[in-house]
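Below is the structure I would like to discuss, written out as structure tokens.
Note that the chains take the letters A, B, C, D, E and F in the order they are written out, and that residue 1 is the start of every chain.
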Amino acid sequence: MKICIINPNTTAAFTTRLLQSARAIAAPGTDVIAVQPGIGAASIESHAEEALGALGVMQMVAEREKTGVDAYVIACFGDTGLHQAREMARGPVVGMTEAALQAASLVAHRFSIVTLPPRTRAHSLRVLQDTGLSHRCTVRAVEVPVLDLEDDVAASGPIIEAEARLAIEQDHAEAIILGCAGLSDLVEPLSRKLGMPVIDGVMVGLKFAEGLVAAGLRTSKRSTYDYPPAGFSLPKLS
Amino acid sequence: MKICIINPNTTAAFTTRLLQSARAIAAPGTDVIAVQPGIGAASIESHAEEALGALGVMQMVAEREKTGVDAYVIACFGDTGLHQAREMARGPVVGMTEAALQAASLVAHRFSIVTLPPRTRAHSLRVLQDTGLSHRCTVRAVEVPVLDLEDDVAASGPIIEAEARLAIEQDHAEAIILGCAGLSDLVEPLSRKLGMPVIDGVMVGLKFAEGLVAAGLRTSKRSTYDYPPAGFSLPKLS
Amino acid sequence: MKICIINPNTTAAFTTRLLQSARAIAAPGTDVIAVQPGIGAASIESHAEEALGALGVMQMVAEREKTGVDAYVIACFGDTGLHQAREMARGPVVGMTEAALQAASLVAHRFSIVTLPPRTRAHSLRVLQDTGLSHRCTVRAVEVPVLDLEDDVAASGPIIEAEARLAIEQDHAEAIILGCAGLSDLVEPLSRKLGMPVIDGVMVGLKFAEGLVAAGLRTSKRSTYDYPPAGFSLPKLS
Amino acid sequence: MKICIINPNTTAAFTTRLLQSARAIAAPGTDVIAVQPGIGAASIESHAEEALGALGVMQMVAEREKTGVDAYVIACFGDTGLHQAREMARGPVVGMTEAALQAASLVAHRFSIVTLPPRTRAHSLRVLQDTGLSHRCTVRAVEVPVLDLEDDVAASGPIIEAEARLAIEQDHAEAIILGCAGLSDLVEPLSRKLGMPVIDGVMVGLKFAEGLVAAGLRTSKRSTYDYPPAGFSLPKLS
Amino acid sequence: MKICIINPNTTAAFTTRLLQSARAIAAPGTDVIAVQPGIGAASIESHAEEALGALGVMQMVAEREKTGVDAYVIACFGDTGLHQAREMARGPVVGMTEAALQAASLVAHRFSIVTLPPRTRAHSLRVLQDTGLSHRCTVRAVEVPVLDLEDDVAASGPIIEAEARLAIEQDHAEAIILGCAGLSDLVEPLSRKLGMPVIDGVMVGLKFAEGLVAAGLRTSKRSTYDYPPAGFSLPKLS
Amino acid sequence: MKICIINPNTTAAFTTRLLQSARAIAAPGTDVIAVQPGIGAASIESHAEEALGALGVMQMVAEREKTGVDAYVIACFGDTGLHQAREMARGPVVGMTEAALQAASLVAHRFSIVTLPPRTRAHSLRVLQDTGLSHRCTVRAVEVPVLDLEDDVAASGPIIEAEARLAIEQDHAEAIILGCAGLSDLVEPLSRKLGMPVIDGVMVGLKFAEGLVAAGLRTSKRSTYDYPPAGFSLPKLS
């Protein structure tokens, strides 16, 4: 089984780190690859950057479909280009945000997203509405730019932890979802400190994608996620 | 006051027709222009085409912002690129779908969208969720390809009318929203036949945009719709 | 085009002030008038006063329908008598509350109502439910009696501003809706201080009403808003 | 204990019939009275008539408060004047619609309202939203004018029954709510024919009102349902 | 009329106290009895204990059905075994939580539950969702073990009162629901101190059950609450 | 990794069949076991049987916890005893219904449950509400007794297929969830006939459970799913 993690931004450091974590938990026999676009945004902190990222996602899926990928994981909080990827892929496409929310709902009654930066709260709320979990989850955001996580995730740890503790006290959170693909290194220390599940959507997204493939499921081509209409072609970006 | 209608697809016939209708109802002193992208999709009937359209919308807004446009209307059902346009524009950006829904809610207690083709039902549902009007509106779709409307809207009239009549009988619709920017020629005949409001979102979108500008309102730059982060730049498509 | 602003309370000072503001932003060719009932409540701060106001609204619409008004704007937060007016009028009837909420949703992702006095929170919540925007809007109230606004709106400015700042910090508001028809003088100073859209529902209600008329829309007479049944007649109040 | 049934319309035949049924099920020691307004609408089938009815309700509560009524039941589907009555009364005020919905939710998992005439569907939906039971209840309407029930309820029986059977088959209804105060004579025969609970809101409203009083509960005067502000006075109708 | 209060836990002190309060407010002619299981949990503060309690409820209903009980009241916050009891009983079964919520909604616009201990918040939320009243009610919890209420309810008074005051200030509560069957002694003093309705679900549950029976209503045996399938039999616990 | 499939009913044929299917798709290194209670219901088609099943689930989890199971899958539609199991287990507990819904939401925009028998519709609706997916899923039921599936699943195939086709036509379903643990043999033939994903919750539940364990996640012991309070002990059934 071959699963492709798609990083919709152009920052290679994130891609490398994700691939490493993913391979550590993939099942025997699962071949994990990870890709990123050549042109796009270095990080995705706005709808405008999401649009660029979606185009990158589409191009990466279009290329990989030729080579036989079984499933994809979108590794950006907000699930950039998710619906587009579903239209273009035969196999399942799992967004890290929806996977994190679903995993959280399986191990906790209520939970909170701690995302960054604050202007992306709307992106989390969009996925919450699509997954229907607004009644069990709150969204909190911290003032940390995504690219600060490129070199030194640990520096953001205390800020994230403080916000998570507020979620526990004020929102009755029983699990914490890390609202950025660049935060995976915090899973272990934060989980230990808080004494509750801390969830990285890329990792559970990978495992859920594996599970869907093993269960013989592919993206439904009935109506909504049918392949793009005849005549559709991807432009070249420069 | 200058208002720009943005057609996110590349079909010039739609743009021309929209401009004509819009100028007929614009207030004295409102200068209406209409634009379309050079590269993109001929019609937008999938999420993949929406992503192309969003990029076109962003480029058109970026260009027009330099020349002093006061507000924009997105003329594609599903409001392609709406959130991106709001980030890039100073003035208000109004989607034809949200405007149609709001107008319908002001003249009727319950109403229905008749859109096309069926695979785009998800796009209507997305806007319904964002506007919060799911409790007052149903979505119906007919098997008509968008480009069939380019030359001969009238041919689709009976199909749309039949579906609208089902909406009235089964969903208790008291107004009908035309779910495509290419259907504006049906407003008058259909409204007469059905004896109830039939709504074209581009026209009410134009008037609402005019209204927001007259009332001194611009897109809030606080958080969600702030300008894209420093470093963001639009790629060239080819 | 003739648009009638209906003040459901008997305080003439509010009517005069609204008419002045409305004429300043009406389109060329729009004739704006404003009326108020002779008998009723001096301000509407309870359901009991709303019932009186609704009767006044009905009488004013009944009279104006004979003289050819194209649309009405209800100028009281809570949209007193809105559904009754829709049944009695041929043209559109727009409530200031619903218009404010719709306008806010077009220029901001999340927003808050700052209304007065606190006991009327339920009236705001009712319109929020009807418009479906509860997921994007919070309601806050300040302890200011409506009639304090008759002579000196400015005195309430700091109290409203303080509450609006709480809405921004705690509710992530990106626009503020003024929850009373008597607060329109605060739009400009508050908008400047807060750096975000501040919305007066009467002004956007007027513009939306203009827009509906220009787009050829009238109140649907199908079912819910059909004219009152034969035999209905308005009583005289004394 | 004294409980007052308020018929918001002027049709005395309904009042008499309700009083008779109510006395038959009142607890020993409960003194039931029933009143109707002198001026108003003969039946309430529109928002306009609801506004008249609300004024009547207010006047009747104002008068009865002086004489020591312990609770009120609003005997009109849609609960005409409910919020106004709560502001004016010390004791509880129970609407027949909300009581019917609550009773239905206690004896069945899903249920349907069969109301009349169709234009009043919006009134049922309003109470459904307030009570929060939309997820368990559907609204159906039949083309019967309310005043047809004045002399001969039985004639409407087959039409109501047919619609109730559709509710059972298509909406999975497990109980039926009669959507008009004039239908109480159908409870027994319809319940027998359908083999499931058929609910008349006035009767359960009376019993719930009795229960609230026995449990020592009165309308909360904190905020929303506080007495109308000083200076409020009811006009005279003629 | 015979009504049976079911205490799903094994603590006899609660059963005795409830019976006493219930008899004080029952209508003349209502015979109230109260039962508790021999085997089960001393208090119900977890889903595990709820499952034990549900089995006890089923056994008690099975026994009482043979002797002609007209209705049941479940006297445990969370309404332990409610759906099971409805399947097994001919007459109505009323949960104290749903009854409290409905009563609150009849005397106040917004209200709050103060329950205990905090881990049972999920149980309150479950009933809130079933009753549909989430938009009018918040849930608050205090760190008091249920069995502390066995001997000395008064000691918990100040803690409950403090939390209720927070509900009034922060959640705009206009009535308070006591979230445990062991708190009924607090109704009177707390209601006096807070100046608003304080609701004990067992008492209103009893009165609503009386009302349903008087109105001739029984549990619908159509589909959901039909008797358990042939072959079902209760095990013996030891 | 050891995963235990819990069949809450006493029918061994189901357990054996599930174990076989599960082992076929488990990852290398996953040890799957399957258990069923000695005392309880032969199938679970009512709330009463659910209560018996829950007790069985609790006993099986209590026993297996001593022997080091990493995760559990509840193999009964409606997720019998899910919350109880979560309180008693250290590792994750996944219900087949919630897993099926989540998997469906990852491969299709809208989907339908086809369950049996009709009286269990309420059980499906309960899980839909907990997972929040009501806006994307409908529930349909067929008149087939669960135990008919023990010997001959194939006989039910055409009935299920016919209902699934109605879901596709009328509800716009793009995937079908099989609403019973005994239907897994239909996945392959039905999926082929319908040309869309057909989902067996036990299989995806197993894979999701595997994924949660691989990602290091356990049931949160914070508040809701904490271990049952001290003093809790399971009764013996006979």
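Keep this in mind: a residue touches a chain if its C-beta (ideal position, glycine included) is under 8 Å from a C-beta of that chain, and two chains touch if they have at least 3 such contacts.
All figures in this text were calculated on a predicted structure; none of them were measured in a lab.
S.K.: Which chain maximises the distance between its CA centroid and that of chain B?
M.R.: The most remote chain is E.
S.K.: Report which interface contains more C-beta contacts, comparing A-B against A-F.
M.R.: Ranking A-B and A-F by C-beta contacts puts A-F first.
S.K.: In whole angstrom, what separates the CA-based centres of chain B and chain F?
M.R.: 43
S.K.: Taking each chain's centre as its mean C-alpha position, how far apart are chain E and chain F in Å?
M.R.: 30
S.K.: Going through chain B residue by residue, note those that touch at least 2 other chains and give them in order.
M.R.: In chain B, 109-110, 118, 121-122, 129, 134-135, 172, 223-224 touch at least two other chains.
S.K.: If you look only at chain C, which of its residues touch chain B in the complex?
M.R.: Within the complex, chain C touches chain B at residues 25, 27-29, 92-94, 98-99, 102-103, 105-110, 131-136, 168, 172, 174-175, 187-188, 191, 195-197, 199-200, 203-204, 206-208, 210-212, 214-225.
S.K.: Which stretch or stretches of chain A touch chain B in the complex?
M.R.: 39-42, 45-52, 54-55, 58, 81, 83-84, 86-88, 118-119, 121-122, 129, 223-224, 226, 228-229, 231-232, 234-238
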